[in-house]
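Should a chain be cited, it is by its letter among A, B and C, assigned in written order, with residues numbered from 1 in that chain.
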Amino acid sequence: METPASIFAYAPAPESRSVVDIAPSYGLFIDGEFTDAADGKVFKSVSPATEEVLSEVAQAGADDVDRAVRAARKAFEKWSALPGAERGKYLFRIARIIQERSRELAVLETLDNGKPIKETRDADLPLVAAHFFYYAGWADKLDHAGYGADPRALGVAGQVIPWNFPLLMLAWKIAPALATGNTVVLKPAETTPLSALFFADICRQAGLPKGVVNILPGYGDAGAALVAHPDVNKVAFTGSTAVGKEIARTVAGSGKKLTLELGGKGANIVFDDAPVDQAVEGIVNGIFFNQGQVCCAGSRLLVQESVQDEVLDALKRRLTTLRLGDPLDKNTDIGAINSAEQLARITALADTGEAEGAERWSAPCELPDSGYWFAPTLFTNVTQAHTVARDEIFGPVLSVLTFRTPDEAVAKANNTQYGLSAGIWTEKGSRILAVANKLRAGVVWANTFNKFDPTSPFGGYKESGFGREGGRHGLEAYLDV
Amino acid sequence: MALAVPLWAKAPCTSRYARRYAPLVTMRTTPPTKTEEAGRATPGAFADVTTSASTLRRFLHGLPGVDAVGLEARAASLGTRSIKTTAKAYAIDLAISMIDLTTLEGADTPGKVRALGAKAVHPDPTDRTTPRTAAVCVYPDMVATAKEAVAGSGVKVASVATAFPAGRAALGVKLADVRDAVAAGADEIDMVIDRGALLAGDYLKVHDEIVAVKEASGSARLKVIFETGELSTYDNIRRASWIGMLAGADFIKTSTGKVGVNATPANTLLMLEAVRDFRAQTGVQVGVKPAGGIRTSKDALKFLVLVNETAGADWLDDHWFRFGASSLLNDLLMQRQKLATGRYSGPDYVTVD
Amino acid sequence: MSDARLSVLKTYKLYVGGKFPRSESGRVYEVTDPKGKWLANAPLSSRKDARDAVVAARKAFGGWAGATAYNRGQVLYRVAEMLEGRREQFVREVADAEGLSKSKAAAVVDAAVDRWVWYAGWTDKIAQVVGGANPVAGPYLNLSTPEPTGVVAVVAPQESSFLGLVSVVAPVIASGNTAVVVASERAPLPALSLGEVLATSDVPGGVVNVLSGRTGELATPLAAHQDVNGIDLAGADAGLAEELEIAAADNLKRVLRPQAVDSDADFTAAPGTRRLTAFLETKTVWHPTGSLGASGSAY
């Protein structure tokens, strides 16, 4: 008989791929129709777990951007004039259809993005539906939102979203835009265009008027053309800080309303009286959720020096139980890195960490032969001066720093150009409140991490961007106030 | 990476609890010897912890707190593990072999206990490859009957004792209860702690009573029931776990099955963390037994996942993990039949208790 | 009294870190009334003065942001009190600066005093109006609270040298930011005198810093300064505003763009909350709540 250890190595439990039917090719979605790019260009969307080509997608260029913006402009007049209650009902429909199709969309997202089905099924998709459901209800209540009587829509919103939460970021952008009466041209990331194109089909099923939502798969040039388009009234971007700054320069002087949700280097602060077992879970969730490809990841662990050994021992023990592999397997904890390019970036930064003298530890795990993979990794002996403590890695790499006193913890946590997220682990209530008060970050999780909700505003301080998405606050970005 | 690589090989780290406690006691710097561990109530590293009410209290209050939401979230997330095919077949047999098949009714009769014993020995009369359960669990006056019913099978007889389930009796009565059970041949004693004393903060009383029961149990293995539903907070459950382990418990057990809240994923996870930490610091392994409320195979498998990913594979054995259950067995048997035949089974194809 | 008495003129100085320095450049420029009559020589601040002002504002930020909202409200109200006491001086300075009649200037000063009172009352209310508990779907208490952005550069309106100035500075500091103010280039004297009021109103040194000089020369390094978190472009013309907005992108400053509403006529209108919320960050903190005890949550 085999030992229990080997036989209880959970047999594969793959989610069925057959719930999703991916077409061999997709067009741009403009004015309610799928259409080829003006110049006929296409690109391939690849499954990062297997490098299999999933579909061939039309690649938007500047002409297509213009066409889409014109369609959105044409649709704006009627859409913004609809009674809020009617707009809201479209959004409620969309929310419901997403719930109905959530398993299909979860599998699709896992295929295109590489993240575990456990996450798309239990986090992404429920949040996507909830976001539409939440903003649907605002559409006829804008007078009561605290932005004065009868706040007006801005017009055409140009939205550019990243690849880490493709459908969730789409929801964060489109739901408030439509609820407030704007029309939308959205560019998904070039590595994850498929769920946005499926969303176009959901718009069709919901009977959304033509031109209200336009989807333009493409690369950075299409995004740049979109934000620069003179007939766009509102620009919303989620992505890197470098691109965010470029966009801010582009829209300067144009009067376009701008919101940016950018990078981060979140500090997860563990005090000596922390609930250790839950803190370890929070650390793991903070940096290994979605392979660490999360702008609000807790990528810096600040642990009180007096409990460093104990916390790190427990953390390493826990990391050895993480299961890396087929993202469609329901038991997979760590999926694939989204692209070869991102993997190269993570690898280079991790190598820099090692070269600069930080001590590297990776969970013992076998990486699949094909696809893009990176083992969960810790760096210890890291100081504020190390590159891995300052640069956003956007991967499953945790930098461990120590502190001696609460003051030092706060000073180190705030010592970054970013200010998106932070975590606090302590059993002392007054310390939670005092530390949370002093952290310069838009979202602070006390004794928890990486929690999201449509009612809860999300966004950064400093170079993590400006504006808030979610909640009542999220309406402001799309209203002329 | 899929499976826990035990880190036990490394020397027990100087724990935070130990460090916090350092001003109070002199920590030993050498690992405890084997003989020391085997026979004694308090493992060497923590010998001084139980010397007085105040040292014990300070130690227990120095244990890390438990965040309820985080604990329950972790338990729930482990509950989403999907156990299929070979792993499922293995896990079902493992779960059957871990059951303490229990009858604890005022209406128990020798006939009922004999039927239970027969079922423990051959859970599925139609399939003799079905593993036996770990034990039958009965009241002390039924031990002799049970012993006879399972004779020669390897199935152990566990007896509840110490004025189960309330435990509200004088210590002498409780100890007499234990001695009776042991004299009747019980292999295992399932005692209840004095929850009132624990809630009143009299930790040493709880501890000393366990020590006394352990002594009265002789060679029988001692399971210590906390009645977690009455302790109310996770912090209390963690403290109770440490009291039990320090006092020499062979198993720590969630519940009597007689109150509203019995074994839950979260309280069992917490106790698994306790035995994991205890072994890391003392080298002494203690078993865990969730009891009450686990009725389906699906639930049982999820508890095995908790064991696998928290304490580790070393606990995936009926010597270290038990289910206190009765109706669970039939559901496991039906699942077992389904795996064997490909058809869903029904209650007519398993035996009524 | 003899007509021959020569009046004592005031040497106008900058207001930086609670002190009244001259420009480190040692230079001044001539300030006249709209008809060209000499009024005073104002310090011609340099980029180094701007840098020093940012240092002072940063140093003051922690204390000011950390003060209770009630305390900030009292301090702002104290400014109104002090200003009321110096009403005659400001009426004269505003009349000279903007070429207004005494009565029109008096109306402007009165409005400015009232504006301080308006914002004094806002300090301990804005958090309740724009923050609150979010009903998240889960066992968490989730609270959003506004916090000040940090150091804010304020390009004060060019024409409305006093009411416009107060209208842009008061909301910035009401919410706990500290400010580096570039006064109206042509009419900086009311702004420099306001420094004297602030210095005697319990406003901690460095919370407001006032620079006079060439708007473009001062605003440009402030817009590019990496330790400035926000910029109000009220007094920048379209060309300069665009330039400053581009420079501000380097560290993603929060930019309050000049709008039609900022034109001079409108500073007399009710200010609303737009400026008050322009330099606020929303911080959202999650706390687990859960059940009181080890509840019976089961699979």
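Here is the rule we use: a residue touches a chain if its C-beta (ideal position, glycine included) is under 8 Å from a C-beta of that chain, and two chains touch if they have at least 3 such contacts.
Treat the numbers as computed from the prediction; the structure is a model and nothing was measured.
Peer 1: Taking all protein C-alpha atoms shown, work out their mean, then name the chain whose own C-alpha mean is nearest to it.
Peer 2: Taking the mean of all protein C-alpha atoms as reference, the closest chain is A.
Peer 1: What's the farthest chain from chain C if centres are computed as the mean of the Cα atoms?
Peer 2: B
Peer 1: Where the centres are mean C-alpha positions, what is the separation of chain B from chain C, in Å?
Peer 2: It comes to 67 Å between the two C-alpha centres.
Peer 1: On a C-alpha centroid basis, what's the spacing between chain A and chain C, in Å?
Peer 2: So the centre of chain A lies 36 Å away from the centre of chain C.
Peer 1: Mind checking the centre-to-centre distance between chain A and chain B? Centres are C-alpha means, answer in whole Å.
Peer 2: Taking the mean C-alpha position of each chain, the two centres sit 43 Å apart.
Peer 1: Mind pulling the residue numbers of chain C that touch at least two other chains?
Peer 2: 140, 288 - these are the residues of chain C that touch more than one other chain.
Peer 1: Provide the list of chain B residues touching at least two other chains, using ranges where the numbers run on.
Peer 2: 67, 69-70
Peer 1: Two-or-more-chain contact residues of chain A, please, as numbers and ranges.
Peer 2: 447-448
Peer 1: Touching chain A in the complex: which residues of chain B?
Peer 2: Those in contact with chain A are residues 1-5, 7, 13-16, 19, 64-67, 69-71, 73-74, 80-88, 90-91, 94, 273, 304, 308-309, 313, 316-317.
Peer 1: Using the touch definition from the top, list the residues of chain C that touch chain A in their complex.
Peer 2: 129-130, 134-138, 140, 142, 144, 149, 229, 238, 241-242, 245-246, 248-252, 254, 257, 272, 274, 281-288
Peer 1: Touching residues of chain C toward chain B in the complex: what are they?
Peer 2: Going by the criterion above, the answer is residues 139-140, 288-299.
Peer 1: Under the stated contact criterion, what part of chain B meets chain C in this complex?
Peer 2: My answer: residues 67-70, 72, 75-76, 79, 228-229, 231-234, 236-237, 260-262, 264-267, 293, 298-299, 302.
Peer 1: Tell me, which parts of chain A touch chain B in their complex?
Peer 2: Spelled out, the residues of chain A in touch with chain B are 3-13, 118, 122, 272-278, 281-282, 306-307, 309-310, 313, 316-317, 320-324, 330-331, 363-366, 375, 427, 447-448.
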